[in-house]
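Before any comments, here is the structure.
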C-alpha cells in the first residue's frame, strides 16, 4: 500500500446539508471518546474506511482475537432530520506531510457529501489533576463565536496560546480555503489520562448544537471508573509528598 | 537504489498451494530464530532477494570478512508434499511508509506463488524474566481459532491489548484485503533477550501444523546457552537487590 | 495539501531592484522579531502566503479566537524609493528535504521580483546570560564584508564554527548558485530566551543599510520586559548556586 | 532543490582504470581525515560537486566569513601513472533513503570514470581510550583478503559484529551488484574523539596499496595535538575516579 486507500462500503449516499464531527485520538482521547459515544448512541452507519501508509503499521486485536488494520472511518446518522457525518479512527497521521495529505482527503470527502459545517473535537490540557469543567472554542469564522457561546462554549482571548496542533487544528485551517465553516471544541482535561468526564462536557455542547439530549450513561460509567483511578493517583501522590516532607525534615534535623 | 529491488535467483518456480511463514527481527528475535531454524532443517532453497532503501544502510559481515547488503529473502522447501515459503531477513522497514510498501510487495510475491495461508511469527513480551511457556495467537479469520487451539495455540480475550505493531501484524491486516487467511503466532518471552526457548514453543506448533517433527537440537543448544545468561542476570539482580536492602536497613537505622 | 501552495494576494506587482530581508523563527527568535518590527513600522503590504506540508500541522489562534494555518508570508514596502521584500513566518520547514524545497521556492519568487540582495536575519547563541551587544556576519561574496563592517557588522574568523543551520544559512548557499548576493546578520544572544534586545542590534545595522532610522519603541518595550525576566532568572540562579554552596560546605563539614 | 544536483567543474575527463577512495564523516572522522590529507598531499583536482536535499540544510563558514553549502565532492589525482578518484564531503545522508540514493549516484559516477576498485575508509570504535594501532578490513570479494593482509590490514572473524552502517558499508554492498571490487578499511579508534592517529594507520596501508610514501607531517601534528587532549581527559578521569574512591571509603567509614 503505497498510497492512502479509500474503501466505500455503500454507494450513492445522498445527505442533506450534513454537519461533520471529527474525533481522532489526541489529548485525553476526549474527541475520540465523544465520537465513539455518538456513533453508538445515534446508531451511526459506517460509509467509508480509510487506510494509509501514514498510519502506524499496526493491527488492533478484537475481543475474539481477530484483527483489523488501523484506519480512520466515516459514519453517518440522522437526528431529527439533520444529517450527520462522523470521522473517527485509531490514529492520526504519524508524519507532518501525511497530516496535510489526509486532511485534504477528509475534506474532499466532506465536500462530496455537501458538508456545511465541521466540528473538530479534542482536549485542552490544563496540567492540573483537579477537574475543571468547561469547553474552550476556536473558530475559522468570527461569526460562530456568539452562536457557540450560547451553547456553553467558552472563548478565552488568544487561547490556546500555542495554537492547535494535529488534525483538530489543521482541519479548521484547511476548511477556510474551501469556505467551510469550522469550529474546534476542546474539553478541559488534565492531559494525563483518558478523560470521559471531559468528553461529557463536549457532549452537552453537541446536545445543544443538535437540539437533542443524547444519553450519557456509557460515558458516565467510564467517567466514574476514571475518577477512582484519579483518586488513587492523587492519594499516592499525597503520600509521596508527605513522605518527602518527612524525609526533608529529617535531613534538616540531621544537618543541624 | 531509489526503489525497492526484487532479485529472482530462479525463474519458473511452480509451487502447489504453498503456506508461508514470516519471521523477521522483532521482540526476542523469536520469529527470526524460528524461520532460520526452519530454513536450515528443511534445507530451504533461496528464491528471492529483496533490497530496499527502507532498510538501514548497512552491510552484515560474514565469518570470512566478506559482506552482504542488509535484505529480506524468500526461501522454499517441501515437507511431505506440502510446499512452504519462508520470508526471512535482517531488518524490518525503518519507516512506517516502507512497512506498508514492503508489506504489499511481500503479498504480491506470495499471491504469485499461490499462497493459501500466511503464518507470521513473533514474540509476545511478558516483561518477566521467569519463563512462561506458551504461544499466543491472533487471526484475520475467526475460523482459524479452533484449528490453532488444537495445535496448542492459546487465545486470550483482547490480547495483545495494544495490537500488533510491525510486519507480523500489518501482514495479517493486508492479507485480509486479498482474502488470504493469516495468523500471527507469538511465543511468550521476557522481551529483554534473544529467546530461542520461546522459538521452540512456536516450533512445536509448526510441527503440528505441518504434521512432522522438526529436529530442535540447534535451538535447544542456543536455549541452554541463553539460560545461563539469564541465570547470571538474575543472580546479579538478586545480589543488587539484597545489597540495596542492606543499605536501606542501614539508612533506616541511621535515621532512627 | 500534498504540495506546497503559493497564494498571491495581488497580481502584477512590479518592484524596482528590491532587497529582501528574511526573518524566520530560530535562535532567540531574533530574525522573526526584526522582520515583524519592520513590517509594522514600514507598513508592509502582504503579497504572498505560502502553505506547505513541510510546516507542522498547526493553526495559530488569534486574539479573537479565529485561527489561521501556519505559513510563511512575503511583504513589500518602499523606503525612500528603495523597494523592500520581507519574508516572515511561523515556522521553518520541519524536514531537511523541505528546507531545500522551500529555500528554492523563496528564491524563485525573489528572482521573479528581481531581488538584487538578500539579508537573512538570525541569532548567534553565546550561551551566556550577560548581554553582549553585537551583530556577527557571514556572506556569500567576499565583497560584502567591508561594506557591512562599515554598517557595524563584526566578522570573526571562521565563525560560526559549526556553520549556519536552517533557512538563514541555506538561503546564502542557494543564492550563490543564482548569483544573488546574500549576507546573514546574526545578533548576539544568550540562546535561552526570546531576545528583542538582540533584535535591536540588527535593527541598527538595517537602519544603516537603508539610510533611515526606524522607530525602535516597540522593540525597546519588549526588551525591557524581557530584561526583567532575565533578572529574575539570574537572581533565582544565584540563590540556587549559593544554596548549593552552603550545602556543599555542610557536606564537607560532615565528611571531615 | 528538490533533487540531488551534480555539478561538473570539468568536462571530458578521461581516467585510466582509476581506484577510488571514499572518506566521509563518521566514527572519529578517520575516513574524512585520510581523504583530506590525500587531497592536500597529492594535489587533488576537484571534478564534481554534489548537492542534495538529503544533506542537512547547512552552510559552512570559511576563514574569511564567506560560506559554502554543505556538499560532497569528487577529486582526482595521479600517482606514478595510477589514476585516483577521491570522494570527500561534509556530511553523509541524513536519511536512510538518501543513503541508498546517493550511494547509487556515487557509483554511477565511479562507473562513468571506469573505476576498478573502491576503498571506503572509516573508524572502528574500540570504546577504549588507550590507543590500539591497527586497520581492520572487510571486503566484498574474498580474493582481496590476502592482498590486503600483505598491506598490513587485519581481518578478524565476523567483525565488526554489528556490520558496517553508513556509506562505508553500503557502498561495499552496492559495488557487489555492479561487480566492482570494494574493501572497507577501518582504523582502530576510541570512538570518542577525532582521531588523526588512526588516520595515520590507514595512510600506511594506502602507501602500500599505491606503492608510495605519502608525507604524514600534517596528520602527525594533528595527532600530537589530539594526544594532549586525550591525556588531559585521562588525567581528569583518573582524578575523578580516585575522588570517587575516596568518597566511597568515607561512605563506608560512615556507614560502619
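Labels A, B, C and D are assigned to the chains in the order they are written; within every chain, residues are numbered from 1.
Keep in mind that, in the parts below, contacts are C-beta pairs under 8 Å (C-beta built on N, C-alpha and C of every residue); 3 or more make two chains touch, one makes a residue touch a chain.
Since the structure is predicted, the reported quantities are computational estimates derived from the model, not experimental observations.
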Quiz item: Given that chain B is a copy of chain D, what angle of rotation, in degrees and a multiple of 5, matches their CA positions?
Solution: 90
Quiz prompt | Taking each chain's C-alpha mean as its centre, the one farthest from chain D | solution = A
Exercise. Please report how many Å separate the Cα centroid of chain A from that of chain B, as a whole number.
Key: 36
Practice problem: Using mean C-alpha positions as chain centres, tell me how far chain A is from chain D in Å, no decimals. | Solution: 51
Quiz item: Can you list the residues of chain B that touch 2 or more other chains?
Solution: none
Quiz prompt | Chain contact topology (line, ring, star, complete or other) | solution = ring
Quiz item: Chain pairs in touch?
Solution: A-B, A-C, B-D, C-D
Quiz prompt | Footprint of chain D on chain B - complex, ascending | solution = 1-2, 53-70, 94-95, 247, 250, 254
Quiz item: Any idea which chain B residues touch chain A in the complex?
Solution: 93, 96-97, 99-101, 103-104, 137-142, 145, 155-161, 163-167, 169-170, 172-174, 176, 184, 255
